[in-house]
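What follows is a pair of complexes built around chain A, which joins chain B in one and chain C in the other.
For the complex of A and B:
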């Protein structure tokens, strides 16, 4: 394994910033998220960031193309995508697994989403193992190894005042090559992640849910939901989007932005029909999508156990408790 | 520049979410609230070549974009019959020939043409529900020898609300081995045809096809299904086409799911056998 002293980190990031646009986990006011690296950034390694890296590949709002409408004419002009290599340093296993979910959605089943693919292709990802689980973490229950970022280009660890790094891909090897002069080769004991408190039992849940569309559970849990959408906004795997336009006179641009299955308008049709008219249908769809429909379609869960939705839900309607209720249901 | 499987060089990979510029070359007023739009590219080509039952995303970029079934296609155009029901469709009803639009597609699975081959087919439509069904009827007419007897049972609220009147009253009744039965909901002056709802009319006519295609308002489908089942149809021989709110059309944006299927991608055409495996949420 290649190692370097944690005190050296800024020198390494500076070296990488010459070749890449580097994003690092940082504290920004009350929030923590991935921000472009510069010397003044307050690096944040102790816990996972509040906002996942989802928006680096699938931004909240993303312009798609420009248009001009004048009398009977319509002009459509695609927007050039930025062509710059990006490096994300310190992505946790749960958030890497979320990217694997998004890859399924945006890159498979006949159509490739070019907006997503471009950013995905440009990115090199350094995963960072977790030493300590938070109260809301349950990644291991969802099949995620907190010390192994599935799909990363480099796996990094932070322990004993050092960082350790192992290249997993060619892209990752390039990072090692760039940093060579800073690195030392030595054995570093990979720490075991401590402190998991939540262990929802997923055994048989996806299969059982197939027969639970009409279960009483949904009517029981739905009334507490506020349909605020916070869970879908904060979720690293939620990928639903709306397409709309910003019009200024004859010119405008089409954009897509995050949307939420918690909102009534999400499925409301022009004629007034809504296949998911009340909280019950919307809450059911969210949990079914994550734990049953997505596994059926892509053979993987649409939940990585990051625990963010547990932190933000104002009424404590937790996916972990839903999993428990599904297990208990007759 | 990158090569792709079509053998051409492209400046960039084709982005399925960006529409092609196109224009409306003809508008037919079907009913007081349905118009058919004929759409070509600016150089008079077909914007894309849809199979019967497939969909297209049509847009007035400053107003909005929505998914419509393609009603038929010609040498250099596709047709979409559109009912004025929301902001985009009301605006579409105000445009004139020559208006440019955005178009992308084709989307969805379309009708299972191989399955229909050699069969007698019953087409059941209600109101604007005849629009997607018409694409299959027109396909059968262009390949007449591949299909058996064609029977159309179609109903609308009133005589004025019947779509594709020229086909219903002039073109289709003249086709050999094809019958057209039309009904309206209530008696009205100047109408000496059948009066009554579609499900009851189907029961009364008791046709003996080998496959059925139906599309119409949910209430029509709800009451027609038991009748078809009583007539001895297996679920696999009852085919329908669904609609849902859609934004991307390519199975990414999430909203048109029924269980683990996306109507824009895995549908819009489903057999009753397939729908029985899915949650009843449409």
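For the complex of A and C:
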């Protein structure tokens, strides 16, 4: 394994910043998120960041193309993503798994989303193992290994005042080559992740849910939900979007932006009918999508156990307790 | 004085009796959450489920908003209420969202709730401070109730005091550019999840303009301009009606100090129209919902 002292990190990031647009986990006010690296950022390693890297691949609001009408014709100008290599340093296993979920949606089954693909192709990802679980973490229950980021270009560890790195892909090897002069080759003991408190039992849940569309459970749990979008917007795997436009006079642009299945308007049809008219249908859909429909279509869960929704839900309606209730249901 | 554990038993017993005797079709209260520092609001309809109710120092959620789910029901609903919940209930009654006689209010005296975020950070053995909204609370005990749990209590009709908010005054001292920069920094990070709106008892419109993009009053795009438009519209719409429960600010996933705008408006109303507290009594005249010939009208 290649290692370097943690105190050296800024030198390494500076070297990488010459070749890539580098994003690092940082504390910004009371929040934490991935920000473009510069010397002044307050690097944040202790916990996973509040806002995941989802928006680096699937921005909250993303312009798609400009248009201009001239008499009877329309001129369309595509708005392409910038062509620059991006490096994300320190992505946790749960958030990498979330990208694997998004890959399924945006890149497979014959549908390729070019906006997403471009950004995905441009990115090199350095995964960072987790030494300590937060009380809201339950990635292991969702089949995620907190010390191994599935799909990363490099796996990094942070322990004993050092960072250790292993290249997993060619893109990853390129990073090692750039950093060669800073790195030492030695064995570094990878610590086991400590402190998991939540262990929701997923065994048989997806299968059981197939028969639970009409279960009483939904009417029992749904009244608590406020139908805000906090869980969906903080979730690294939620990927619903809406397409809108901004028109000024004869020109404008189309953009897409995040949408949430918790909102009444999400399923509102042009004629005024709403197939998910109340909390019950919306709450059911969110959990069914994560734990049943998505596994059915893509053979993987749409929850990676990052625990962010447990942290932000205003009423503490937690996916872990829903899983428990599904297990208990007759 | 009865401990919260003892009161919890009384809460359960009262709720069970209400459901068994069909005095109400549902009871709104709190149940144990996933963590030691969390509880979850719960709507119970079966007498045997009342065992799930809890009353502890992490019952942070204001329950009033849940009454809107019973707006079109013919049956009565019971709700546990402290000062903040009762002001929220008064808000809904005064806004003609729910009839007083359709609500059975079980009054509680509130010792102040603890800060769940601090609790998570500091751990179970630490001395956990009160939640910010509770530190600032002027009316901890239910102002309106049909039943009372705990020590018998006569709640005198409170007299509103003149409002001074140091954090508002600090902003008022700033230059216009600094004010804008601070406002921008706060709302740049807004996720537009609308948790603030959905938790707010004063946000009780049947249809919200931010949930109806086809009308094109506002765009779904997340940018500073749209986010500010949302924040200002909401603040002005709850002007004179905000009961200062602080729930919007407490539950914001990205820690926006949402109450700043609300407090600024409360302070301005106070200075222009005299002391007023929303939600103390549904019969009170609302400063922005009524007029007097002595009202200032400098613009005319």
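Note that in this section the second predicted complex is superposed on the first by the 327 of 330 C-alpha atoms of A that agree within 3 Å, B and C clash if a C-alpha of one lies under 4 Å from a C-alpha of the other, contacts with A are read in each partner's own complex, and residues count from 1 in each chain.
As a convention for this text, a residue touches a chain if its C-beta (ideal position, glycine included) is under 8 Å from a C-beta of that chain, and two chains touch if they have at least 3 such contacts.
The structure presented is a predicted model; accordingly, all values stated were derived computationally and were not measured.
Chain B and chain C, once both complexes are superposed via chain A, fit side by side. Once the two complexes are overlaid on the shared chain, A:106 sits against chain B while remaining clear of chain C. Vertex at the C-alpha centre of chain A, arms toward the centres of chain B and chain C: the angle is 90 degrees, rounded to a multiple of 10.
In the superposed model, A:271 lies in contact with chain B only, and not with chain C.
In the superposed model, B is the one of chain B and chain C that contacts more residues of chain A. In the overlay built on the shared chain, the residue A:258 is in contact with chain C alone; chain B does not reach it. Judged by the touch definition given at the top, the superposed model places A:161 against neither chain B nor chain C.
Of the two partner chains placed around the shared chain by superposition, chain B and chain C are both touched by A:242.
Annotation: superposed on chain A, chain B and chain C show a minimal Cα-Cα gap of 7 Å. The interface of chain A with chain B overlaps its interface with chain C at residues 242, 244, 259.
By the touch criterion given at the top, residues 12-21, 23, 60-66, 85-89, 95-96, 98-102, 218, 243-245, 247-248, 250-255, 257-261, 265, 279, 281-282 of chain B touch chain A in their complex.
Interface residues of chain A, counted against chain B in their complex, comprise 64-65, 67, 69, 72-76, 78, 105-106, 109-115, 117, 213, 239-245, 247, 252, 254, 256, 259, 261, 266-271, 273, 275-276, 281, 285, 288-289, 292-294, 296-297.
Across the complex, chain A meets chain C through its residues 29-31, 50-51, 60-61, 135, 198, 223-224, 226-230, 232-234, 242, 244, 246, 255, 257-260, 263-265, 279, 310, 312, 314-318, 320-321. Within the complex formed with chain A, the residues of chain C that make contact are 33-35, 38-43, 61, 65-66, 69, 120, 185, 189, 191-195, 197-199, 211-213, 219-223, 247, 251, 253-255.
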